[in-house]
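Below, each structure is written out as structure tokens.
Presented sequentially are two complexes of chain A, the first with chain B as partner and the second with chain C.
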Partner chain A sequence: MEDFELLRHITIGQYLPTDSPLHRLDPRVKLVAFTLLCGAFILGSGPAGIFMGLIVMLGLLVLARVPLHYALQGLRPALPWLLLLAVLQLFMVRPATQSDVIWSWGFLNLTIGGVQMAVVTLCRFGALILLVSLLTFSTDVTALTHGAERLLRPFQRIGLPAHELALVATIALRYVPLLAREMEQVMKAQASRGADFGRGHGGLIQRVRRIFPLVIPLFLTSLERAEALVLAMETRCYTGGRGRSHLIQLRSRPGDYVTLGIALLLTLAIVGVDRWLLQPNLGGWLAHL
Partner chain B sequence: MKLTVRQIVIAGVMSAIAIFLGASHLGFIPFLAGTAITIMHVPVIIGAVLEGPLVGVIIGALFGIFSLIQANIAPTGPGDLLFRDPLVSIFPRLFIGLTAYYLYVLLKRWNRIVALGGAAVVGTLTNTVLVLGMIGLRGYYPWPILVTVGLTNGPLEIVAAVLITLAVVIPWRQIESGRGKEGF
Partner chain C sequence: MVKGEPMVAIDSLRYTYMRGTPLESVALRGVNLVVYPSEAVGIAGATGSGKSTLAQHMNGLLRPSSLGKVIVDGQDLADPQVEIRSIRRKVGLVFQFPEQQLFERIVGDDIAFGPRQFGLHQEEVRERVRWAMEMVGLEFQTFKDRLTFSLSGGERRRVALAGVLALRPKILVLDESTSGLDPKGRRGFLARIRDLHQVQGLTLVFISNNMEDLASITDRLYILDGGRVVLEGPTRRLFGMEEELSRYSLRPPPVAQITSQLQRKGLPVVQTALTVEEAEEAVWKILSS
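Right, the complex of A and B next:
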């Protein structure tokens, strides 16, 4: 906890207004495409598909005019654990046939299957992180919640308060960076008065007690802020979602349907390429070298 | 399902705290190797106690969804990978608010402070038991390990949750605790 820069950790939710074709898409389309592609990356297990998906993500980031090095920064916090996972997969995958094994030591087998799995895992996580960043870089939170609300509106008939839930999500997302900034200030103020935030030293009880002077003011100021927000909303006659009209009307354009179609094709491609088109046999391929 | 303005806002703000505690790792107090005492479920308990079970469920759901997203995007430890399963990350968290609220209502008439403490205990237990339970039911880890983790993490997590809940709700509602005024 000695680093005070908590805001750094929240970069994944950043919005970059670069006015690219991706930015101008209807948020509902983006949400649906995002869900489809998410599913594709999670369910697809073939190396060709995942790798192709990763390249497409990078291409889309370029299309969205997002500086690549900034987008790749989002990968940095996860990197140590991804590498650890990859290394584990390198050695822990059971060899399919004996010819698969490149090197072994005790029960650890470095197999070609393991290499494949490790690479696929890295690409998959990378692609997922880039996908999320792509969504948040190109769509600001208001648009996202409008889109989510419109998508959930059919469920309002069975009692789901779509508008209210969208508002809860908006408020929550809007306050997270604020909390980060505030926490930084509180930590610096307390540290300058002699509080000790060194990471890890002291017993467990010490560490737990150290959290309290940070967390309790966090709650209390948030509750006060909540009261102010409630007052603000009520004085502006906010009465909930029933019969509410919207300033921003979402209208889909032909480009949106085209994008939806492309996303669907891409999803099928990522999941299906390895299964139906290629039959990668890395073992056989490497044996030729 | 009707939500008042206050319920919407408290749900949003408490969810923001839960998400922030998770994203900034302030909510993780590392303990031995791999596991940690977490306090990210405390906003769920406080939200449920202040504004009702529906708010508790909403905050729990948002907390769970964020847990899922974080496990997929920025795993921060070997244990995090378990939370990629929505049955482990989202489903158990829906019940934290419910159990906390109903116990609170049950004990409220007797002694408000004990009711708050009890709600925190039950909420934390719900989180621990249901999450570990789902991990076990899905077969990710064997039961003896899960029980050990639960027994070692549990008590301190409960104490932390109780202390935070009391320290936040009592001054907020100005509950009489021997001195001070009654303002519930």
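Right, the complex of A and C next:
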């Protein structure tokens, strides 16, 4: 059956106004912490660190008052790809010794290391998706772009247009739900005229032809909207970032610094727990480098 | 009053958007509504009262969940056996700003989209396009090969209406389809709708917040508020109930307000006026008595 509620199954990018302690943090702090944790999830290679990261993410989601089942729904669209990746990982690790091999068939060898890699990969991406979701669940677009603009400001000296980049990002993000809503509307209108979006039958040409009644109206309304936006900005004498003051003044409180510290510690822990704590021969590890 | 079997029968219908997410919002909380053949039923109510959600249930864009029933022309829409496209053929739904759904380059092709989707013969399609264009007051020979996007707003809206009429529906549902037209375009559009109802005998569901439009088209009226039907009855009777309507921030059309005021002053006014002519006649009667 057709389902026209396009936004219902997308959780990434959705803001949930639950007014939790996480919501009240300075967006700059959230962005820095986000970047740190992102790095940790990507660099951390040991199972203990990644598991810890995943548990921390779930804890943060609870702290942000986001229903866990809703947050986990966001993993569903990515699941097929993640599973494919995990299956590939399973067979990627070459057996070091014969005792590592659990099962083998032809050139394919299933090793303990491979299983571990696959599980770690799954958890790593799961944690990353939850991290991105958490950032958008707890930070609205305005705060996010203000934060990004402030953080990028030092780079203005080397010619980075921080304000313009932030504006582009705001507009782009703001348009996502609008486009989804318009798409929904056009889909409904064409379905009312007998268009059938429910099934994927027919050849390639037929399928492409079925997209026209959606894409053309969508493009037209987007162009019209962009033109209206340009006019609206011109009439309000918008001239770019130079000399503009801000309605929202970001101010960091003690809690923000504490958060930053915690994020830094967590990052070190996720990356380091397997390397330094669980590997007693630090010297051997250094030699390994 | 013998009216026969209802065309649309909606029984304690409930509907929730974004169900199962923290963003769910209840749109309908138990709505009962009946539309008899050849009737013109109006639905009014403030933004967010559930009008559009209700309209989209009438042609199966939204399907009733476990709660509530929607029966169209004897078929229960909750029944998965029901071929939904046959329902869409019976119930033509015209949205707000329907010209935004146009996508073909040439007017005739766009109107033919619906009939072609149902696999009708070329001759039949042509005949239907001709009929539909005639119904909306666009001359077939002059307009069929015109470029869609070179037309005026009012003309494009008529093309969109013709695109729905070409399906030859038994019921026409108009969801705020007159908004945004200039006075001339609006009068022309309304006159076509009235003809379709009075001359062609089409059953109408007319959703609008314009009380004058409702007065000039509908026989019976439902007032929605917060997802419930709060008032229902003949249009003339409801427009005589100024106080009740104001509770839902609606006001009867000016002519109806005038006759109500005259009545309150104790002057002999037989009925609430719905058109300027009726009000004029009432005033003449008072003056000559």
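The working rule: the second predicted complex is superposed on the first by the 264 of 289 C-alpha atoms of A that agree within 3 Å, B and C clash if a C-alpha of one lies under 4 Å from a C-alpha of the other, contacts with A are read in each partner's own complex, and residues count from 1 in each chain.
Methods note: contacts are C-beta pairs under 8 Å (C-beta built on N, C-alpha and C of every residue); 3 or more make two chains touch, one makes a residue touch a chain.
Note that the coordinates shown come from a computational prediction; the quantities given were computed from them, not determined experimentally.
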So in the superposed three-chain picture, is A:I216 touching just chain B, just chain C, both, or none of them (first/second/both/neither)? both
Going by the contact rule set out at the top, does A:V208 touch chain B (first), chain C (second), both, or neither? first
After lining up the shared chain so the two structures overlap, which partner does A:L83 touch, if you call chain B first and chain C second: first, second, both or neither? neither
Counting only touches as set out at the top, which of chain B and chain C does A:E234 meet: first, second, both, neither? first
Looking at the overlay, does A:G159 come into contact with chain B only (first), chain C only (second), both, or neither? first
After superposition on the shared chain, which partner residues are touched by A:A226: those of chain B (first), chain C (second), both, or neither? first
Looking only at contacts as defined up top, I'd like to know whether chain B or chain C touches more of chain A. B
One more residue to check, A:L265. First (chain B), second (chain C), both or neither? neither
Report, in rising order, the residues of chain A that make contact with chain B in one complex and with chain C in the other. 1, 212, 216, 220
What residues of chain C sit close enough to touch chain A in their complex? 17-23, 56, 59, 61-63, 80, 84-85, 88-89, 92-93, 95, 98, 100-103, 113-115, 117-118, 149, 163-164, 167
Parts of chain B lying in touch with chain A, wherever the complex brings them together: 1-3, 5-6, 8-17, 19-21, 23-26, 29-31, 37, 39, 42-43, 46, 58, 62, 69, 72-78, 80-81, 156, 159-160, 163-164, 167-168, 171-172
For a test of understanding, state which residues of chain A touch chain B in their complex under the given definition. 1, 6, 9-10, 12, 74, 77-78, 81-82, 84-85, 125, 128-129, 132, 159-161, 164-165, 167-176, 178-180, 183, 200, 204-205, 207-208, 211-212, 214-216, 218-220, 222-223, 225-226, 229-230, 233-234, 238, 240
Along chain A, where are the residues that touch chain C in the complex? 1, 4-5, 7-8, 11, 14, 16, 18, 66-67, 70, 73, 185-186, 188-196, 212-213, 216-217, 220-221
